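Got a structure for you, written out below as structure tokens; questions coming shortly.
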Amino acid sequence: MTVKTFREALNETLHAEMARDSKIIVLGEDVAGGAGGTGVEEAAGGIFGVSSGLFKAFGAERVIDTPISESAIVGAAAGAALAGYRPVAELMFADFIGVSMDQLYNQIAKFRYMFGGKTQCPAIIRMPTGAGMNMGAQHSQTIYPIVTSVPGLKVAIPSNAADAKGLLTTALRGDDPVVFFEHKALYPRKCDVPDGDYLVPFGEAALVREGEHATVVALARMVNFAEKALDALAADGITADLIDPRTTSPLDLDTILESLEATGRLIIVDESNPRCSVASDIAGLVASEGFDLLKAPVQLVTAPHTPVPFARELERAYVPSPDDIAAAVRKVVAY
Amino acid sequence: MTVKTFREALNETLHAEMARDSKIIVLGEDVAGGAGGTGVEEAAGGIFGVSSGLFKAFGAERVIDTPISESAIVGAAAGAALAGYRPVAELMFADFIGVSMDQLYNQIAKFRYMFGGKTQCPAIIRMPTGAGMNMGAQHSQTIYPIVTSVPGLKVAIPSNAADAKGLLTTALRGDDPVVFFEHKALYPRKCDVPDGDYLVPFGEAALVREGEHATVVALARMVNFAEKALDALAADGITADLIDPRTTSPLDLDTILESLEATGRLIIVDESNPRCSVASDIAGLVASEGFDLLKAPVQLVTAPHTPVPFARELERAYVPSPDDIAAAVRKVVAY
Amino acid sequence: MTLQKTELLTAYRLMKTIREFEERLHVEIATGAIPGFTHLYSGQEAIAVGVCMHLADDDYIVSTHRGHGHCIAKGCDVIGMMKEIYGRADGLCKGKGGSMHIADFDKGMLGANAIVGGGPPIATGAAIATKLDGNGKVTASFGGDGSSNQGTVFEAMNLAVVLKLPTLFVYEDNGYGEHTGTSYAVGSDDIAGRCAGFGMRAEKVDGADFFAVYDMAGDLFDQLRRGEGPAALECAITRFYGHYEGDPQKYRAKDEVATFRETMDCLRNFRKRVTDEGWLTDAELDAVDTEVMALIDDAVEQSKAAPPPDVSEVLTDVYVTY
Amino acid sequence: MTLQKTELLTAYRLMKTIREFEERLHVEIATGAIPGFTHLYSGQEAIAVGVCMHLADDDYIVSTHRGHGHCIAKGCDVIGMMKEIYGRADGLCKGKGGSMHIADFDKGMLGANAIVGGGPPIATGAAIATKLDGNGKVTASFGGDGSSNQGTVFEAMNLAVVLKLPTLFVYEDNGYGEHTGTSYAVGSDDIAGRCAGFGMRAEKVDGADFFAVYDMAGDLFDQLRRGEGPAALECAITRFYGHYEGDPQKYRAKDEVATFRETMDCLRNFRKRVTDEGWLTDAELDAVDTEVMALIDDAVEQSKAAPPPDVSEVLTDVYVTY
């Protein structure tokens, strides 16, 4: 175990896996940076630094800077994957699926099925996601509900550095396309990360905390917020299971249902807008498959049905807070 | 009242509203058709005929054929709406949001909010949707769950000719952007349509049928399938409320909850893939806001988590059928 | 003209196979036996064949909604294709794809594509792969005049120039994108000119002349193989049928197709040229015709008799690992 | 050169206002007082002003993530802008938009845009509107060199040619898109050439020369107003700061900016020209400087003191009707 940031965990995983498998390539805007400039080579290493050093280690052939052309980036990943490579494409911000969505949802996601199982498309599309930096309405969205709805895509949403490493490694060694979300606020966060090969299977939730009175399901940055909420609730003797699904497609509903067998009370925390969110989705699935376990209304803790506002005060009010989560837990426990 | 097809209802509404309001314009691929060809003018009138005759009536200035450039089409609608017009843009198939999504979800949906309420963007984007014609994985999707998740967009999904007229009229007279879904299988279907001005408000569900034992919520073509299912169940003395939300954003949850007060049993039918669908969304909202009303597990009747297959036998198995709906109702009534 | 006799016969056989495949589909579709909607390639055969004759199984192509010709030219199994179009269990894609989604990875055919402009970005990815493989392989990206207005296509062309990718962007200008004429929808009415603006060599040829297509494509592929970056090829052509089967074609003058069938028939042009030059005899060509007709008959008969996919197949092939 | 003295003073005032607005932001951002991330327009002023001087309030522009200059040149209230960038309740967009989403519909400013390539399709829609209005109004679509590689931009240019829209596509080539050079990312390294390939007139000018921009833009707008369809204007320029505030700019030679500040400063160029020609005196220009500095001071002071939006504002302005 070594303490690492989320960013370092991702970066080191890319280094290790690219060294292991010569078919892995990385592409996107400024994944190296500096091409055509007057300064140094690899002037960027990804704007969040996740691909730092890859260009130096693996060269321009495998670490490919692209023009600002997201359809071409995701499409190139699609084609390279069909032709035997394992491309890792970066969208600078998840919000940019808007200019590349066809290649993601009509092409990459559907190839294997449309072509009768005769191919595979192991393209990985990485996307920094989420609010909290006052980046405004077009640079702060969660996006993962949209891709979770698309059959053929797998969706990974790590909440800490260890899972970031484990899920990315699994993605890179699997044969399916994966959309990989990295919450921007998590990049500098540290935790213990297993050394050497470390794989976190898809479709296996993490039981982050065990507790008695409720089941809290949370994703990405909200896992951390939920922990804060539970810390606060501990003073009042309220404890809860905290479950991080880690992948929303496939989704580990079983772990949630098992917890509900004991607690009967469900709170789902999702930074997304409420409608057709992962929060309402899990609530709906539980209402269908775990109805008998529920002893109280499911609590949905999400952002409101609004774009992400800019001003600090507004964005803070927009993002679900530890207090919001604590209030929801209290409500359902008191029910 | 006059009996009309769904297609006729839409077409006549466009004619009437364009005559009433000179700010309404229509644009898209082949909305007229024939430009640059050797044949007649207005050779198409929309590939499903919805814009038929508009070019003759209103001319090339207001009925604008475009190149195959969906981002430009939706973007032009965005810009024209900001500049005081009421554009009605057509995507030939809803599936093509993949190549135009940014303009829809980052631009049109967010303008009013990002710009502090100082503008409005009354663009209407029409999209033929749904499976059932063996058009394959890239021409058969429902798409509406994706846009329902986007704050700033309103989403209309009529299930019959009368609602098609009423909702489109409301859309054209409102000041918000509307994504308007037209299920391809409904175009030739007929029903009584009110003459003259007819508006169906957004956010008001239709109680299509009243019944005793359950509440069935269905959208678009599935309303018709649900009716078939209920016809079959009547023989066994099983009846149900059948609710058609008509718009998913805003969503009339109250009508569903009211019905559940009487029935306690909910079946939601959605032709979409299951995850983050309108089905799981409504189920989740009910589990949150109507938990006490539920006497049995919510039944989700959706397509499977797969792309839409081509072969007749496969597509038939993919689309939820009246039998599937009847089975779900039986199950929940027997619970 | 550098083709040997066997190659000439192959070219003719491929073009004739495409033609008869499509002519027969035209008949069969009218009976209602075939699901979905289908776009025929009749009239455009010289382009697919003139381009793909330069390619081996490990060179790649991407195709369009009007993809049957590209598939056949790239070597896809004709019977498997026909079965796919009928939606049969042993179709090339198990009946899951249909006419607009035929692919064959053993033949380097990366898929027809029902999204206009869907293919070219994918072609750049395949070209990145072969460039990394360092094996001198190339990728051809087929598209129509209409597709040339799609943003994804422009992005792909620019990326190919930036990365010096071995991609040939083939534009088949058949005069229309659905019901709209090229001269209206392509602002400059000059697709090759637009491609040249992206910084690549761009040429125009008569798409009804197999030899013109073949020679120019060969020249451009040579450039690609020398690592000199992408190129574009605009081919002027017509389609003998509507956009899709059932299209009333009101956008076309009544006699347009009849005239074009006289003046722009690549098969007729080919036969005239090879017999005029004495490269092949009518008898040799007729023998190919007979063979092709038998193949198509067989394909249709087998397809009609073939079983549909089992409904359990709906749920398979979504992921490699679940 | 057709400008009157008052117009010259206006041009200078606008350019100077942009410059000082940005220079001051550079300082204030370093203190951490301003939320989000901000892209400064310093160095590019002659382009925004040279173009927008031709426009009235009911002509339209669309802008980019680097939009402050376009806003000021189009007449947006400078204090309202500053407050918006600080995220204040009475900012131009109530603090909901921020630096990348400033708009002012009374001034025909249809919005900065944080999506590269987001603006040009919107510009075509505005141009469709003015064409229908028949009022001879025009739309300018601003974009960077990097944006010129985005598919949406190509689609917009083609649509504008097809519909003969009065849209001017302005490309500000400041040498970089984030950390990547134009010469790498624009395949042909010739943006205007690529635009010309779409079938429109496309010109290049020195973006540090106000008069060059102004004259050429005027010529192109005349063409637009005559109904002769769209045009493109490529302006060679540099930016005096990083891509965003905080950018370490490793992609730039150490002395690059310093050199450019000497050689490519549009304000310096302007002052030299107008004083050399005797059109304005240094004293007149200095008076403008003083006035501008006071305005910017005032804007910053007011912004610092202004209250933030009430949190209830999170929920408003999503729809007109709920």
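Order of writing sets the chain letters: A, B, C and D. Residues in each chain are counted from 1.
By definition in this document, a residue touches a chain if its C-beta (ideal position, glycine included) is under 8 Å from a C-beta of that chain, and two chains touch if they have at least 3 such contacts.
Keep in mind that what you see is a predicted model, and the values were worked out from it rather than measured.
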{"item": "Shared interface partners, meaning chains that touch chain B and chain C", "value": "A, D"}
{"item": "Greatest separation from chain B - chain, by CA centre", "value": "D"}
{"item": "Whole-Å gap between the CA centroids of chain A and chain D", "value": "35"}
{"item": "Between chain D and chain B, distance of the C-alpha-averaged centres to the nearest whole Å", "value": "40"}
{"item": "Distance between the centres, which are taken as Cα means, of chain B and chain A, whole angstrom", "value": "30"}
{"item": "Residues of chain C touching at least two other chains", "value": "93, 95-97, 101, 113, 115, 118, 149-152, 155, 158-159, 162, 184-187, 318"}
{"item": "Set of chain A residues in contact with two or more other chains", "value": "66-67, 69, 71-72, 95-96, 98-99, 102-103, 106, 113-114, 136-138, 151-152, 304-307, 309-310"}
{"item": "Graph class of chain-chain contacts, one of line, ring, star, complete, other", "value": "complete"}
{"item": "Residues on chain D engaged by chain A in the complex (per definition of touch)", "value": "35-37, 87-88, 93, 95-101, 113-118, 146-147, 149-152, 175-187, 249-254, 256, 308-309, 311, 313-315, 318"}
{"item": "Complex interface listing, chain A residues touching chain B", "value": "71, 95-99, 101-106, 109-110, 113-114, 136-138, 145-146, 148-152, 248-249, 251, 272-273, 275-289, 291-292, 294, 296-300, 304-307, 309-310"}
{"item": "Touch list for chain D against partner chain C, complex", "value": "149-155, 157-162, 184-190, 193-200"}
{"item": "Contacting residues of chain B [partner chain C, same complex]", "value": "29-30, 33-40, 43-44, 47, 65-72, 95-96, 98-99, 133-139, 304-307, 309-315, 317-318"}
{"item": "Partner chain C, residues of chain A touching it in the complex", "value": "25, 27, 61-62, 64, 66-67, 69, 71-85, 87, 102-103, 106-107, 111-120, 151-152, 154, 174-176, 250"}
